[in-house]
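In what comes next, chain A is part of two complexes: it sits with chain B in the first one and with chain C in the second one.
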Partner chain A sequence: MPKRKRRLVTRRLSEILREAQQKRNAAEDESTVSADEAVNETYHYDQLDQMPLSASLAQNIAVLKRVFVDSPGFNVREFLIAGKIPAAAAFVEGMVDTLLVSANILRPLMHYTRDEPVPQGKGLLEIVQFAGITTAAVRTRDTIGEIVRDVLEGGVVLLLDQESRALSTEVAGFQTRSIEEPVSESVVRGPREGFTESLADGLSLVQRRLKSPNLAVENHFLGRETHTQVSVLYIKGLVNPEHLAELNRRLKRISNNIDGVLESSYLEEMIADQPLSPFPQALNTERPDRVAAALLEGRIAILLENTPFALVVPFEFQALMHASEDYYQNYWFATAIRILRYVSLIIALIGPAVYVAITTFHQEMLPEALLFQVVAARQGVPFPAVIEMLLIDYAFELLREAGIRLPRPVGQAVSIIGALVIGQAAIQAGLTSPLAVIIVAITGIASFVVPAFSMAFTLRLIRFPLTILGGILGLYGVIAGVLAIVIHMAGLRTLGLPYFGGFAPQHVSDLKDSIVRFPWWAMRGRPHELSKRNQQRQTPDLKPRPEGGR
Partner chain B sequence: MAGNRIARFCLFIIALLVIGGSMGGCWDKREAEDMGYVRATALNSAPSGKVLLLAQVPNPATFAGGGMAAITPGASQDAKAYRNFEAEGSTVFEAIRQLAIQAPRRLFWAQNTLIIFSEGLARQGIEGHLDFFERSVEIRRRLNHVLVTPNDPRVLLDVPAPHETVPGGRIERIIMQEQQTSRFAVVSLSAFLRMLATEGQDAYCGVVRAQKNPARPALVQQVNAPEPALTIEMSGAAAFRGTRFAGYLTERETQGLLWARNEIRGGPVTVPSPSGTGRVTLDILRGKGRIIPAIQDGRLLATVEITDVVAELVQSEAPLDLTRSEVLRTLEHALAREIEREVIAAANKSQALGADVLGVGAAFHRKLPREWREIKENWPEIFPTVEITASAEATIRRMGFTLKGITIKD
Partner chain C sequence: MNYAISIVLATAILFVPSITAEHARQDAWLSLPLASAFGALVTYIAVRLALRFPGETVVQYTPRVLGPVIGKLVGFIYVYYYLFVAYFVQREFSELMNAAYLERTPMIVIIIVLTALAVYLLYQGLEVLCRVNTVVLWSMIGAIFLIVMFGIKEVRLEEFLPVLDNGPGPVILGAVAPGSWFGETTVILMLMPFILATDQPRMVKFNLLAVLILFLVLQMIVVAAVGQFGAEQAATKLFPTLALARHVDIPELPIFSRQDAVFMVFWVAGMLFKLTTFFYAGTLALAQWLNLKDYRPLILPLAVVITALSFHAWIDIAELKSFSGEVFPFAISFVQFFLTGLILAVAVFRGIRPQPGKGGGT
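Presenting the complex of A and B:
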C-alpha cells in the first residue's frame, strides 16, 4: 500500500510542522525578554553552564535563539527524523562543513528507515546516536553552556523533543591555511612543515612524529570571550610531574579571568616565572620537529588554536641559543656555528658599548695605528661618541622595523639600499663617522645570528642602556652592566628550572649539547634539570664501529 | 605591599643614579678626537737651569685610511703629519703645562714611545727629570725607550722622510729593527730605571743622531722630492755614571757591551778567512753572556763568558771548502776571538769612562757579596783597576746553500 502510506505521511507531516510552529511561538511568547533587551544581554559560561536543557525542543530552540540573537551565521535547522519526529540541528554556518552536516546528520536521520518504529522520547537519543548520524565523534550534552561551546567550536548540536539531553558532533569545516614552511624559522636541511592556525592540524603534526601511546594531552579552554582551546602536550614517563602540575596551576589561574587569549604570547607573559624580565622564559616555535625534540627531552609543549606558534616550557638559556638545524647537520658544523653564535651574542650585546667606552675613556688601550684611524674618522663629527652611537643604532633599528612593515617588493630594496645610502649620506654630511656605521652594521648582523627572535630582541633592547653606561662610566660601566645582566639571568627561572641550565648548576654531561654539539652516539642522557627521573635516552654503545672489531 | 615595593624600587633607582653620577662619567670623559697624542718627548737644557720640552704630536687626519681624505672636508693634501710644541719650564711638569699655551688639544702621553735627552742636559744629570717619567701614570714603562742625542732635538725631530712621516715614529721603527743589528743599544724606561737601581751597574741607553744623509747627491737633480739633507740614525750607546752622562760607546763597543749584558740580538761579525785571503762575514743568531767575578791575590778579576753563540755564514770573499771540518773549526775560533775583542773594547771604554755599564760590580754583588760590601763604597775608583778578560766559544750552524765554493776543484 505505498500510495496510502505516503499520503498518510504527508498529512501527518503538515500536522507535525504546524504543531511544532505553535509550540515554538508559545515558547517565544513565554520568554519575558523583548527584542530590544535581548540585544543588550551578555552571557557568560559560568551562567550558561548552570542552565540545564529542557525536555521541550521548542524551549531549547528559543533559548538558543536568544543567546545567539545577534551572532553571525547562527542557524537552527529544524527537520523531522524519519519524517515523523521533530528535531533541530543548531550550528554556525561559517564554521561547519555544510556538506558533512547534510550528508552525515540530516540525510541519515531524515531518511531513516528501519523495521522497528522510531520511539519518541525514551530511547530516541540512543537510536539517533548509535544508528542514526554517521559522523565520526558524538557526545551527549546536558547544559546550555556545553551546547553553546560546541556550536561555537564548529560543531552541530542535535536537539530532540522530550529529551533533556542533546547530541553534539564535530563537523568543523572552516578554511585553514595549508601546511607550509614556517616563515620565521627556515632551515637548509630538515623538515619544512610548520604549524598552522588549526590546532587539530598541529596536534596531528606532533603525533606523526611521536607515535607513542605515552604522548598525553590535557586541554584547557582559556579566555572568557575567546574560549581558546589550549592543549598541553607531554610524554608520560619523561616529563617531571612537578613541572606539569606547576604549569597546570598557572594555566588554571588564567582560565576565565582574562577576556581572551589570542596568541601564545599572551600565555607566555602570564605564566612567566619572572614577568618583569625581558628575557624569554619559554620557547615559541612554528616547527613541529622542534616541539617533538623538546618533548623527548622531558619538556612540555603548549599548542593553541588560531596561532602557529607553540610554546615549549621549561626552556633554559643555552637551549634558546640552539637552532633545529644544529641537529640536522653534522656535529662539526653544529659546533662551529654554535661558537659563532655565542661570539655574535657578545658582539651584539656589547659591541657599541665597548667602542664608546674605549674611545671616550680608555684611549690608551688602543695601539697607535687604530687610535689614529678612530680619531681621523671622528674629525669634524659634532656629537660625542655616545650620542653618535646611539643615533646610528637608533637609525638602524628604525630601518629594520620599517623594513618589516613595507610591502614585500619594495621592502627588500629599501632596506639594503636605504641602509647604504643613508649611511653614506650621514657620513658625508659629517653627522657620523664611518667607524660607527661599521660597528653598528656588524652589531646588527651579529644580532641576527641568534636563532630565537625573542632572545634577539632582548639583546637589541639591552644594547642601548649598555651603550649609555659605556659612555658614562667607561669599561667599568660596561662590565657593571654586563654583571647586572648576568646576575639577573642567573637568578631567572623557567618553570622553576634555573635559566643557566647546564652551566650553573653545572652538569658536565649536559655541556655536550651546549656550546658544542657532540655526535648523537655520545649524547646519552637527557638534560639533568629536566629529567631527574628518566636520564638515559639511548644505550651507551651506539658509536658506529665494525662488527666484531674494535 | 605593592606600594612598599614601588617605593623601594624608586629608592633603588635614585641610589643608582646618585652613585653612578658621583663616580664621575660625563664630566671626566675625554673625547678621542679632542686629545693630542704625544709620540716623542725630548728634553733640552735651557739657560738658567730650566728645561726645554719638545712634544711631537702627530696629526691623525693624515693617517686616515681609504676615502677619508676625499670625504673629510677641509683636510688639505699638504697637511703636515705632525707638530712639535716646545715650552720652557723649571721642571718637566711645568714645561708640560706651559705647552697648554700653544697646543690646541689636551696633550696625552699614553702613546708616547720615546724619551730623548739632549747630550747637554744629560751631562747635567737627569735624575730630576726622570722622576717625572717614573711617577707619571700616563707614561708607560715598557713602551718608552730612553735615548740621548748629540743634536738639537728641534732638528732631530723635524727630519723629513717619505715613509714614517713622523720622525718620532721613524725612530721607533728603527728600534724595532733591532733584530738585524746589535750596533745600537735599546733600553726601555723600565730597564733604564732598573739599571739605575741596581748596585754595581751603571745605566746606558741608546743614541740617536741626525746625520748628513749619505744618499743625497752633491748635485740635487729632483727638485720636487730630493733626498732629504739629514737622516736619522741610531748608533752606539750612551754610558752614564750614576745619573750623569759619561760618554758615548762606538758601534763596536756597543756590540761588546751587549754581548756582556746578554742582550745580543743579531748582526754581522766579520773575521779573516781561514784560507788566508779575504774575509768572512757571519750573522749572529743568538748568544749568552755572563760575567764571572773572582778575587785572586787581592786583585779583582772579571771574566766575561760568552757561550752558546750560534752564527750563520753569510758571505765569504774567498772560496771556502766547508766539507772539511777544520775549516769550520778555524772559522769558529776566529769568530770567538773577534767576539772577545769586542767585549774587551767595551770593557776598556767603560773603564775609561768610569761607568760600569757591563755590570761588573753587580756580578761581584751577586757572586761575592761579602767582598762586595767592602769594596762598594769605593767602586768608582776600584772599577778601572779590575782586570777584565773575555772568553767566548761559538758554533757556526748554518751556511746557506753553498758548502763548497764554486771554484774549488775536487
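Presenting the complex of A and C:
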C-alpha cells in the first residue's frame, strides 16, 4: 500500500519539522539578547575555542546565530537527512560555491537512498562522512571556535541532530586572481609564475617545485580580527631546527596580540632582530622558484594569505643583491651582472655625497680637464653644492613618487614634464649645474638596478644624510657615514644569522655564490652558517666531461 | 689573523717609510726585515703568554703571577698602554686629516667623528668589529697594492745604492720604530679569551703569518717610496704613502690619477679599527682592573678622556712626528717586549697555571 506509506512519511515529516521548530524557539529564547547587548558583544577565538558543541542541533544553531548576529552573508541552511533527521549547513554566502554545496552536500544527504536505515544520534556522523557527502576534504570539529573559523574561511559546516561533533568541508568559491607573471621580479629567462593572494595557490606553486615528502608546513593564525593564516614552509633535514624554533617562538609571540596582519611586511617588522634598523630583515619575493631555491638552501619561507609576497628568513645581505635569474642565465654573464649591481649599489649610496664632497672640499682630486668643466658648470649656480644636490635629489624623488601613485597615463605625463623642467629648464635658468643633474640621474637609475626593492628604498633613504655629511666634512664625512652603515650592517642578524654571512664571518666556499656566481656543478655546499647539519648540496664530481675522459 | 694585520697596518703605513728612511736612508728596505724579526719575537712571546692563560686577559692574571701589589701596578700599565696607543692613534689620524684633506676643519671635529664611530662599534661588540674588519681589510691591502703598482715604473733602483754605506748602525736605528709597531700584535693579550677554543692552538701560526703579510705590505711601500722620491725626500715627507697615492699619474686615464681618495677610504677604516681595538682593550682592561662585570658603562667616559688627552698631549705635528720616532717606539716596546716577557718568564718560573674552570674560549 504505497499510498498509506507516503501519508505516514508525510505525517512524520511535518511532526519532525514542528518539533524542530519548537526546540529552536526554546533555544533561541534561552540565548536571546537585546540589540544593545549584541552590538557590544565580541568574540575571540581563544574564548570560542573553549566552547564545545552541544548535542542539541537547535542549541548549536542558536549559538552560531548569536555569534554571527550581524555578520555579512552568514547563512544556516536547515534540512532533513533522508527526510528524517534534522541537520544544518552553516556557511557564508559569497565565500562558498553554492553549486558545489547543493550538488555535493545537500543533494546526496537529502536524497539519501541506501537500504540500511540512517541511525539517529550515534553513528550518524560517520555515515554522513563516509557515505553521504561527496566533497574531497572533510574534517570533524568539536568546538564552536573551529566551526566559526571554517565558516569564515569559506567552508561549509554540517551540524547534525544529537551529535556533539560537526563536519567541516572545503567548498570555497570566492574569486581569486589567476596566477600571473610577478610584476616586481620579472625575468627574461625563468618561470613566469608568481604567487597570488591565495595561500592555497601559493603552497601548491611551491609544492610543485619541491615534490618531496620532506617539505613541511606549520600553520599559524595571526591577528585577533583578521585571523590570517600564515604558513611556515621548510624542508625537514635541511632546515636548522634552532632557526625554526626561534621563528615559531616569534610568531607565537604576536599571534593573538596583534589586531591584524594584512601583508607580510607586518610580520617582517614584528619578527625583526633589530627593530630600529632601516635595512630589510626578511627577504620578500613573489617568485615560487625563489622560495623553492631558498628552501633548498635550508632557509624558511613564510607564506601569507591575501598577499603575493612571501618572506624568506634567515638570509644574508648578499641575497638582496641576487636575482633569481642569476641562476638561470649563463654563469659568466650572471657574474658580470652581479658586479654591475654592486657597483650601482655603491653609486646609488654615495654618488651625490661624493660629488658634493669633491666639489666643495677636494677640488684638487679632480684631473685638470675635469676640474675646469666642473667649475665652469657651477658658475652662477646660486647654491652651495650640497643644497643644489639635495634640491635636485628631492625633485627626483618627487617625480618618482608622483609617477608611482598617479594613474598610469597621468603618471607618464608627470614624469615627462618633470624631466623636461628639471633636466632642461632648471639648467637653463642657472639654478643648477648639468653635472648635478647627471649625477642625480645616474644615482636614480643605479638604485633601480638593485633587485630587492626593499633594499633600494633603504638606499634612497640613507643617501640624503650621506649627502649632508659630504657637505659638512667632505670625503671624510662620507667615509665616516659609510663606515657607520657598515658597522650597523655587520651588527645585524636575521634569525640569528649574521647579515654579512659569507663575507664576514668568512667562508670561502660561500663566496662561490656572492659577487660571483659559480656554475652549478661547482656549488657543492649549502651556505655554511645556515646548514651546519647538511652541508653537501650535490656530489662533487658533477662537472660535465666526455665519457671516460678526465 | 686579519685583525692583527689591520691594526698594525693602519698607523704603520703612515709614518714607517719616512721614519725608517730618516735613519737608514737608502737602506730602509733592510731595516724592515729586522723590524719584522723583532715583531715576530714579540708576537711569539705575547701569544705564548696568552695561550698559557687561555681564558683570561693579562690584567686578570698578572696579580697572580707577580703578586697582588706589583701585579695590579703592572696591570695598570697595560690599561694605560692600550689607552695611550688609542689616543696616539686619534691624534695621529686627525693630524693627517687636517694636513692633507680638511685644512680648515677644526681638529676636534675630526677626532670626535672618528671617536663616535669607535664608540658605536664598541657598543656593538667585538664580534661585529671583527666582521667589519674582514670586510674592509682585504680591500685595503688591494688598494695599497694598486697604488704601488701604478707607481712602479718610476721606481729607480739606483736610489737604493750604495748598500750599507754607513754601516749597520742606521739600519738598526731605522728598525726600532717599525719594530714597535709590529709589536702591537700584543693586543692579543686582551683578546685571547674571546677566540674560539678550537682556534686558540693555531694562534701562534696565525699571528706570525700576520706579521709576515704585514712585512710584505710595508716593504712594498718603503721600496716604492724610497725608489720614487729618493731617500732624502722620503724622509722629509710627512706622509710618504699619501704622497705615493697622490703621485699616481696616468696621462691616458686621468680618472685613475691621484689615488688619494682611495687611500683615504681605506686608511680611515684602518685607523678606525685600530682605535677601536685599542680602545676596546683599554676599556676592557680597566673594567677588569676595577673588577667590574661589564665594560660598557666605561665606554663614554673613557672616550671623553682619551679625546681630551689626544688633544693636549702633543703641541703640533712636528712634535708628534718626533715623538712617534723617538719616544713612542721605546715606550710601547717596553710594555710589549719587556713587561710581557717578564710576566711570561715569571709565570714559567713559578709554574703558575690558569685557575681551574677558567680555561677555554667563549
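Quick note on the criterion: the second predicted complex is superposed on the first by the 537 of 550 C-alpha atoms of A that agree within 3 Å, B and C clash if a C-alpha of one lies under 4 Å from a C-alpha of the other, contacts with A are read in each partner's own complex, and residues count from 1 in each chain.
Note that a residue touches a chain if its C-beta (ideal position, glycine included) is under 8 Å from a C-beta of that chain, and two chains touch if they have at least 3 such contacts.
Note that the structure is predicted; figures quoted are calculated from it, not measured.
> In the superposed arrangement, does A:Ala369 touch chain B (first), chain C (second), both or neither?
Both chain B and chain C are touched by A:Ala369.
> Tell me the contact category for A:Leu473 with respect to chain B and chain C: first, second, both or neither.
After superposition on chain A, A:Leu473 lies in contact with both partners, chain B and chain C.
> I'd like to know which partner A:Ile487 touches here: chain B for first, chain C for second, both or neither.
Only chain C is touched by A:Ile487; chain B is not.
> So in the superposed three-chain picture, is A:Ala377 touching just chain B, just chain C, both, or none of them (first/second/both/neither)?
In the superposed model, A:Ala377 contacts chain B only, not chain C.
> A:Leu262 in the overlay: touching chain B, chain C, both, or neither? Say first, second, both or neither.
In the superposition, A:Leu262 touches no partner, neither chain B nor chain C.
> Output check: A:Phe503 vs chain B and chain C. Expected answer is one of first, second, both, neither. What do you get?
The second partner, chain C, only.
> For A:Thr359, using the defined touch cut-off, is the partner it touches chain B, chain C, both, or neither? Pick first, second, both or neither.
In the superposition, A:Thr359 contacts chain B only.
> Name the contact category of A:Gly430: first (chain B only), second (chain C only), both, or neither.
A:Gly430 sits against chain B, while chain C stays out of touch.
> Do chain B and chain C land on any of the same chain A residues, and which?
Common to the two interfaces on chain A: residues 361, 364, 369, 473-474, 477.
> Using the touch rule from the top, collect the residues of chain A that touch chain C in their complex.
Contacts found on chain A: 358, 361-362, 364-365, 367, 369-370, 473-477, 479-480, 483-484, 486-487, 490-491, 498, 500, 503-506.
> Spell out the residues on chain A that touch chain B in their complex, using ranges where they run on.
Listed in rising order, the residues are 359-361, 363-364, 368-369, 371-381, 384-385, 427-428, 430, 434, 471-474, 477.
> Name, in rising order, each residue of chain B that touches chain A in their complex.
Chain B residues touching chain A: 20, 23, 25-26, 28-33, 35, 37, 39, 58, 60-65, 68, 71-75, 108, 110-111, 138, 140.
> Which residues of chain C touch chain A once you look at their complex with the stated criterion?
97, 101-102, 105, 109-110, 113-114, 117, 120-121, 124-125, 128, 130-136, 254-255, 257-258, 260-261, 264-265, 268-269, 272
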